[in-house]
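Please find one structure pasted underneath; my questions will follow.
Here the chain labels run A, B, C, D, E, F and G in written order, and each chain numbers its own residues starting at 1.
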Amino acid sequence: MTTTQEISLQTEPFVLNMGPLHPSTHGVYRMRVTLDGEVVLDIEPMFGYLHRGIEKLMEERTYTGCIPLTDRLDYASAMGNNLAYCVAVEKLAKIRVPERGEYIRVITAEMIRIANHCLAVGSMLNDAGALGTPFFYLWNEREKLYDLFEMLCGQRVLHNYIRIGGVSQDLPDEFLPALEKFVPQLHKFINEFEFFLKQNEILIARAQGVGVLPKDVALNCGISGPLARASGIKRDLRKDDPYSVYDRFEFDIPTAENGDCYDRYRVRMEEMKQSLHIIDQAIKKVPGGPFRAKVPQIIRPPAGEAYGHIEGPKGELGFYLVSDNSIAPYRCHIRSTSFINLTALRQMVKGWKIADLIVIFGSIDITMGEVDR
Amino acid sequence: MIGLTHYLVLSAVLFCIGLYGALTRRNAVIILMCIELMLNAVNITLVAFSSYIVPQLLTGQVFAIFVMVVAAAEVAVGLAIILAIFRHYKDIDIDNINLLKW
Amino acid sequence: MEIDENKEYIYDSYQLDCDEGKIIEQMKASTKKSIPDPADWIDADLKRNIVLTSLDWVIDWARRSSLWTAICYPACCGMEWMATLAPRFDGSRFGMEIMRASPRQADLLITAGTLTWKMAPNVRRIYNQMAEPKWVIAMGACGISGGIFRSGYNVVPGYNKIIPVDVYVPGCPPRPEALLYGIQQLQKKIGRAKAVPDLSELPNPLNELPNPLKKDKKK
Amino acid sequence: MLASYGLIGLFLIVAILFSLVMIVLPIILKYLKVIPSNPNSIKNSIFECGMETIGKTWVQFNFRYYFYALVFLALDVLVVFLYPWAVQLKQLGTFSLYVVLIMVGILLVGYVYAWKKKALEWK
Amino acid sequence: MNAVSYAAQAVPADWPGGYWWHWLFYTVVIIVFVLVMVMGAIYIERRGMGRMQLRYGPNRTGPFGLLQPVADALKVLLKENIVPNVADKIVHWLAPVIAFTPVLLIFAVIPFQNGALLTDLNIGILFIVAVSSISTVGVFMAGWGSGNKYSLLGAMRNVAAVVSYEIPMVLAIIGVVIFTGSLSTGAIVDAQDIPFILVQPLGFLIFFIAASAEINRSPFDLMEADSELTAGFHTEYSGMKFAMFYLVEYAEAIAMSAIITTIFLSGWRGPWLPPWLWFIIKTIIVFFVMVWTRATLPRVRIDQLMALAWKFLFPAAVINLFVSAIEVLVWPDISQWIFVGVNIAVAVIAIGVGTKMFKPGWGKVAV
Amino acid sequence: MGQAAAFWIMAVVIVGAALAVVFLRNVFRAALLLILCFIGVAGIYITLSADFLAAVQILVYVGAISVLIILAVMMTRGGMQTGNPSNKLRIPAVIVGAALLGILIYAVTTSTWSISMQEPLTDTTAPLATQLFSENGYILPVLIGATLLLAAILGAIVITRENPGNKENKK
Amino acid sequence: MQFKFFGIGMLKGLAVTILHIFRRPSTSQYPEQRLNISRRSRGNELIWDREKCTGCATCAKACPQGVIEIVTSTDMADNKYKVETYRVDTGYCIMCGLCVEACPYDALYLGYSFEKAKYRRGEFVQTNDELKESPQRPASGYFHPDIAKKLPKQTLLIEKATEKRK
């Protein structure tokens, strides 16, 4: 391509180390950034600072015992990981989940989607320098969801709730009323939040047109989730390959065209609304009956392999399991969304400033636990 | 009591230090700084004359302001030249830059 | 200035990676035993190195009431650490909402997450670069013992293998209240210990560690 | 007039002393052993996110700032003329306004040139 | 009249034979004022931001957390001092001094009350502008002297910001000077029968933005943008040296609030309450506005910062300057209320046109 | 009395800083001391009752020119590894400087100046404005000054601009 | 990039933040005001009922971590296992609750309290009688609905917020 720059002087690029313990690398991501003044010439990602060997550890645990491990994959949306893993195991062992279990799963999955987007949007804005305020507003909503999760399963962050064949415990009595109260409240909050930031000139200047991910690049990189939808790829496993009972609900897939950071922010806000819509429908329809299929404590799926995937909050999250008819998976591979989404980073940041690098990185919304596994 | 002479001597000393620096240093930026010192010395003289000889007129101060204008222009262009030279030769050591020595 | 699309503006990282590996191996070898808990040191021999003893309580009060934290949230416990600062639990009430990204200005290292061996030299370095007096809270099962990942080849079984830990907060992750309780315990300890022990005079395994800086010099 | 600057000068001395004392105080306290001090080579090395620094620390910097500084310098000198003018405007009358307009106009040519040549662009 | 205000008036500026007393009194007053106000500012900022973020903020240390800044100061004083071994040691040590001294000097010409100031210089405003430009040298020394890449980036950004924002700020001040016909701070307060914020709305806006950029307040706090540059220019500073920079940051904010109060909010003037109290109240209000914007707005990018200064604020300041000049020349004796209407219209039009013309930043570098 | 003390302090500061600028090896520190020297000169102006000029001195020299110099120091650091060496002209330069200094001091001390007994003006800003901008003031020099600055901007931009044809021999 | 009028969006944001000053903070001031945590809370300890335990070691098998260490001896008289040591390292346990789910005799509970910070690593290892339920170590209702019913109702942030809005 050509230079538009007429006046310039040559400087020698220098290398700056960002991470692993940097305030805005969302954990321990490390990049070596080659800078020319403030302009990012290139980045070199460095992984493995949180490589915890989850895939390997799963080979020595029972199928049920793996569920706590999946929690720790994408710790910002633990419930989604549980679900994806259980979907895969159920495919492998051919277990049918009772209706009530499916509905509870849908409700919790959508709740965790909202919670995750709260964090994603909040931390992106925090990286853009909004010193905590929007982050804390969003976190306050997330905290409400944490309350509900805690009511369900006794833990705030790492839920370990969804089990093979259903969920671990039934809904407590006070859960659905509380959720019903929560839905209009979040609607109200989202409107207020949009009023708060949507038109903010600085945010627009910082995010609009920044870090554009073109549609073809997104497709080639295998990007999924809000990141892909912001680039105009209308793909959502909930519609394209309905798992659980998603085909019974009405909802839209929000997309945007530009694929910049601002669009990602908007798509996430829209998705929160859609999730609320699904929750609203699901609450009304939750059937009675058992919440968990009769599954033995220690299952031995028949030898074979299965790939179960769901539309996680960050995108397509898949578990590929191979069974050799023992109590533990023979091999497990995780299609971790964050890792694959992160591959687009280098193409997005070249030529932007170091401040944009942070915002673009924030807008991808990764969790290091999932990247390094 | 401090009189005009004191100021003039101070200015002379400053000027000569600047001159010495400008003649002997090889680093172009330092030479520029030395020139600034000399200009400042001149300014001190102007203001001292102004305030001791025509205290009500301020002519010297007006001149001093013009000197500052000139100094600003000089620094701007001088540093631009230095930067241009540096860009080409990766060096600002005057002795090593043969181009100016013809 | 032009950016060449095909040029890789990346320094040769192979050598750096090799060095990193060597440092990690060295570290693994030198940290077979965990560092004894500072609680034991302090109770054992309290070295009072303060002249103005009558001002002790003022000093302790100041240190106690403004614990600025260094940034270190590798993994899931970081979520609860953020929740501690967030409105619901509001760690700022104790004057600790100021997160200093630079360890020079921080007093407290809350190790919120799993520590892998690859990360260990960095955390050690951050800890070393913190200005004294400094404290460490090991948060979560991973901080205490490696937690769920302990059986992995790649996880440090507890932060006390590489840095001295003052307070351990169990849980996976601990609730924000649990963390706040841990911080209060630490505050109590700061009050009780009167003065921070002079770390250099104690049997401190930190002193015998490989120095990553020196290794880099040869390049 | 010198009296009031004398006040400022004395105050300047106090201000410098005050800030020097603030800096020196920790050193004194260090010798009184109130402040701990255990320097070692890692502690004294540069902080760069917990890694060693790559390459030189004092890197050569970007030329782009120079253009801003250039325009700034010219305008700063212009401002020097504007101050007395503004003070005396009511007495000087319209004529001085024209002079200043011309003067500002001349410098704005440079400003516009810099803009057009993208010297005010940051790339 | 209570004790403090009595004391403030006890030593008038021309007290015969009281030169030294005058000096001593105001030196002590200024230093105490700065230290107390900085503590107050830190408290206000942390509590205020806490409340804006739905939480309480520090409330444990002392009653209502009032002692929090004291505890922080004491703790920081007792922290170890680290000097990096690659640092330029003398520069590293002296940087906080250079940064802090000018900030104190600014207060020498700010009237706390009618005639109650260290000295009312003829060139008061110019003195403020000149002195505050020294402070950046300190920041620069800190960035350079630490030998850290983040620090250096922060220092360069600081230079960029100062280079860009000094001109609009000064031009905005000149707009005020045109109305008062004097550079003395006392005279400027005296001339404000209507606060100049109404007479010079555009000037006020420009000054406020430029001032917050000069003193690194959010949304222009790029020099220590902790999400980008860890801690910016003071990454390597610990202990008291760091505390000095912390102090400088807040002292500068207080100084700017005091300057804005003096120039645009009619200083100590106000009904009912004693004048010095008005002055403090107004200063705190201005500071609170800074906190408020800090809690709300995201940070701008460095090129946007420069673009805002050069392509929006500078032309607007020039327009404001000449509109004011023409007004003063055409209607020399008219009530200033007329100007209020005209200037507000000018401000609205200028911002409207700026909105159409101004594009913040150019984003990506051509690859 | 006060004036004498101020003068001597300032004189020492100025001369010391100037000497340091010339002889220091570290260019960045030299630039910092140059700033100190400028501030000292501003102090001298104040003792000469030129307070406006003192403020201008700080504004222009400390606020602008030294920023430019520091920028240049930072940008040309690559060529600065050698520090601040002096060239072969040292001895002639000492001779020239000393001779000039001698002549100047001789001239200054022996001439008689017609020192006016009037008090200097205390408020210099307004009279300066009158001198500069009134109808019989220094209008032409002002405009020439502006043009000079314009020329400086244009010239500096042109000089520092990258010549597109130049790119090959740089790489 | 289009802006309607420069500053409008920022003013909106400023309005929102200033209004939040007048809202009640959602903070619960922890040491004094305690939240009622969930009835199913998985607190940071294990509670073991010596009487009910048969020493079947299902829990130890179910635990993905291998935290539970049981040493049993056969008691010939009763033809039963007798548990000699039951050791849990709570510094290692991740409170997943799988052991509680697995125990067929309801002899294992998760704790309800969470304030378990210690100064020493060694204090986390608990054996036999240290694992008993006591007023300081209440059991939580995780997988024990009967206990859950007795525990206080959880405080919810949602309810706090809605109450205020009324």
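Things worth noting here:
To be clear about the criterion, a contact is a pair of C-beta atoms (placed from the backbone, for glycine too) under 8 Å apart; a residue touches a chain by one contact, two chains touch by 3 or more.
If you're wondering where the values come from, they're calculated on a predicted model, not measured in any experiment.
Path length between chain B and chain E in the chain contact graph, taken as the least number of steps between touching chains: 2. Of all chain pairs in this entry, the one linked by the most C-beta contacts is B-F. Put simply, the C-alpha centre of chain B and that of chain D have 21 angstrom between them.
Centre to centre, using the average C-alpha position, chain B and chain F are separated by 5 Å. One finds 63 Å separating the Cα centroids of chain A and chain B. Taking the mean of the C-alpha atoms as each chain's centre, chain A and chain D sit 45 Å apart. Contact with two or more other chains is made by residues 1, 3-12, 14-16, 20-23, 32, 36-39, 68-69, 133, 136-137, 140, 143, 200-203, 205, 209, 350-351 of chain A.
Counting partners per residue, chain C has 1, 3, 5, 11, 59, 86-88, 90, 93, 99, 101-102, 104, 122-123, 126, 129, 132-133, 148, 172, 175 as the residues that reach two or more other chains. In chain G, the residues that touch at least two other chains are 1, 3-4, 6-7, 10, 13, 16-17, 20, 25-27, 29, 37, 64, 94-96, 157.
Considering their complex, residues 63, 66, 70, 73-74, 76-77, 80-81 of chain D touch chain B. Interface of chain C with chain D (complex): residues 1, 11, 16, 49-52, 59, 102-104, 121-123, 125-126, 128-129, 132-133, 196, 198-200, 211-214, 216. Chain B makes touch with chain F in their complex at residues 1-10, 12-21, 23-27, 29-30, 32-34, 36-37, 40, 43-44, 47-48, 50-59, 61-62, 64-66, 68-77, 79-84, 86-95. Remark: chain B residues 65, 68-69, 72, 75-76, 79-80, 83, 87 touch chain D in the complex. Chain contact summary for the complex, chain D toward chain C: residues 32-34, 36-38, 40-43, 45, 47, 49-52, 54-55, 123.
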